[in-house]
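Here come two complexes built around subunit A, the first alongside subunit B, the second alongside subunit C.
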Partner chain A sequence: MATFPVLSTMANGLSVFRTWMDAVGDNLANLNTVRRTDEAAFQARFVVAEAVDYGNAATPGIGSGSRVAGVAFGSAEGRLVHDPEHPLADEDGMVRLPDIDMATQMTQLIQAQRGYQANLAVVDRARDAYLAALQIGK
Partner chain B sequence: MHDVTMSALHHALRGLSARQRTIADNIANLETPEFLAGRVDFESSLSAAVQAGDPGAAEISTSRSMAATGVNGNNVNLDQETLTLIETDLRYQMTSQAVSNKFGLLRTAIKGGA
Partner chain C sequence: MPIGPVAGVSSAAFTPLATLAETASTRGAASTQPSGFGDAVIGALDDLSAAHNTADALATRAATGQLADVHDYTIAATEASLATELTVAVRNKAVEAFTSIMNMPL
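Take a look at the complex of A and B:
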């Protein structure tokens, strides 16, 4: 076990929420990424989180935060848009755009940001308690 | 040196630090699907052990919250966790202060009040 276990737990949590923010940033940046109709659309990135040392019902124990278990991808189909002027348009004048909803991404961005802040707040409080422990006997 | 008071305080600090780690784990898993919030209880065991005169026998028990979950199977309640964390931290500081005071008494005894 680490010397200050809460801090390593929080480091795990923070990295999950930061990865989530990275993924949302990537999704938003590619909101208007145009592809040819014979190519796959940009696929939305979904971060999959899982608990570390979750234990089981009999011995729940104390876990060590969360980690990124992997990344799942959204639809490669996207949506077809009629834009005959576009240099990537096919003979029917269609191009492929990703199927990403801006409102959903913004909502997720706020969720991830709040989660990140909550984790940081815990770091502050844990630090106070650890400092108190270090003052014992002084 | 290691009397009942010191032993009780020591176990209280252990229990509080376990609760702190659990709350940290809960908050790190704020959005993890199928995650049930962890709970720590050491007060009941410690209180029984102190009554029996042997605080060293106190145990820390952990469990999972059975509160209703959201659509993703997660039941971490950030408000509750934050309040419990603040309470736990204050109690930790209070208890560590009590340990310091106890050592202060010892120091007084060693110095003979000088």
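Take a look at the complex of A and C:
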């Protein structure tokens, strides 16, 4: 709605960070997804964000936040691990694990969480500001 | 500082409700006509109604487990609440102005 443009802007931003958290969650959940060596490993998910700059009606030139442009995939090669006991192991005793680093994923999770919180903070401040504006002249 | 006449207060400001309803139905086509206070109120009410409809639809989706983003609902509810506050503020100002005029000693 055009009356409170910052709120829809922040809704877009929140969706991007929520998607990022989803992607990190997917990556972490598949940290131990084992594949055969003749298959592609689980590929890490990367969220690609892009600016929505068609502008908002109130202030042309200022965009309307960001949106998810798509999802990029990490290495399909993964890493080969020697695990002869595994039912999916090949004749050399190797299996393919995804090339995902847990520490990197946790760092990204915190970044996504903080980004989400920052967007929420803007919503809160904007709401307070709008309510204060309605008090003018009272 | 000279205080000029209030531009919004004209005959259009006191359009009867029946006319307002007609204005509402033809509002999209009649954008060339001068917009009075009535049009502004009708527009605000339309926005308010749309905001509440959005929030209600999202609440239903939340209740039925189809809501992808929690913040979609809370932001829609915030927008609806702010729009309500805004409309109430405008109405209060209008009633205040009307009361002031009615209390004018003649």
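In this text, the second predicted complex is superposed on the first by the 126 of 138 C-alpha atoms of A that agree within 3 Å, B and C clash if a C-alpha of one lies under 4 Å from a C-alpha of the other, contacts with A are read in each partner's own complex, and residues count from 1 in each chain.
In this text, a contact is a pair of C-beta atoms (placed from the backbone, for glycine too) under 8 Å apart; a residue touches a chain by one contact, two chains touch by 3 or more.
No experiment lies behind these values; they were computed from the predicted model shown.
Using the contact criterion defined above for the overlaid structures, shared-chain residue A:T37 touches neither subunit B nor subunit C, since it reaches no partner.
Once the two complexes are laid over each other on the shared chain, residue contacts for A:Q113 go to neither subunit B nor subunit C. When the shared chain is aligned, no partner comes close enough to touch A:Q105: not subunit B, not subunit C.
Using the contact criterion defined above for the overlaid structures, shared-chain residue A:R18 touches subunit C, although it does not reach subunit B. Of the two partner chains placed around the shared chain by superposition, subunit B is the only one that A:A49 touches, whereas subunit C remains out of contact.
Once the two complexes are overlaid on the shared chain, A:M10 sits against subunit B and subunit C alike. By the document's definition of touching, of the two partners only subunit B reaches A:R125; subunit C does not. Across the superposed pair, subunit B and subunit C both touch subunit A at residues 10, 14, 137. The touching residues of subunit C, counted against subunit A in their complex, run 47, 50-51, 69, 71-72, 75, 78-79, 82-83, 85-86, 89, 93. Residues of subunit B touching subunit A in their complex: 13, 16-18, 20-25, 27-33, 35, 38, 40, 62-64, 78, 82, 85-86, 88-89, 92-93, 96-97, 99-100, 103. Note for the complex: subunit A touches subunit B at residues 5-6, 9-10, 12-14, 16-17, 20, 49-51, 54, 57, 60-66, 111-112, 115, 118-119, 121-122, 125-126, 128-129, 132-133, 135-138. Here subunit A touches subunit C in the complex through residues 1, 3-4, 7-8, 10-11, 14-15, 18, 120, 123, 127, 130-131, 134, 137, going by the rule given at the top.
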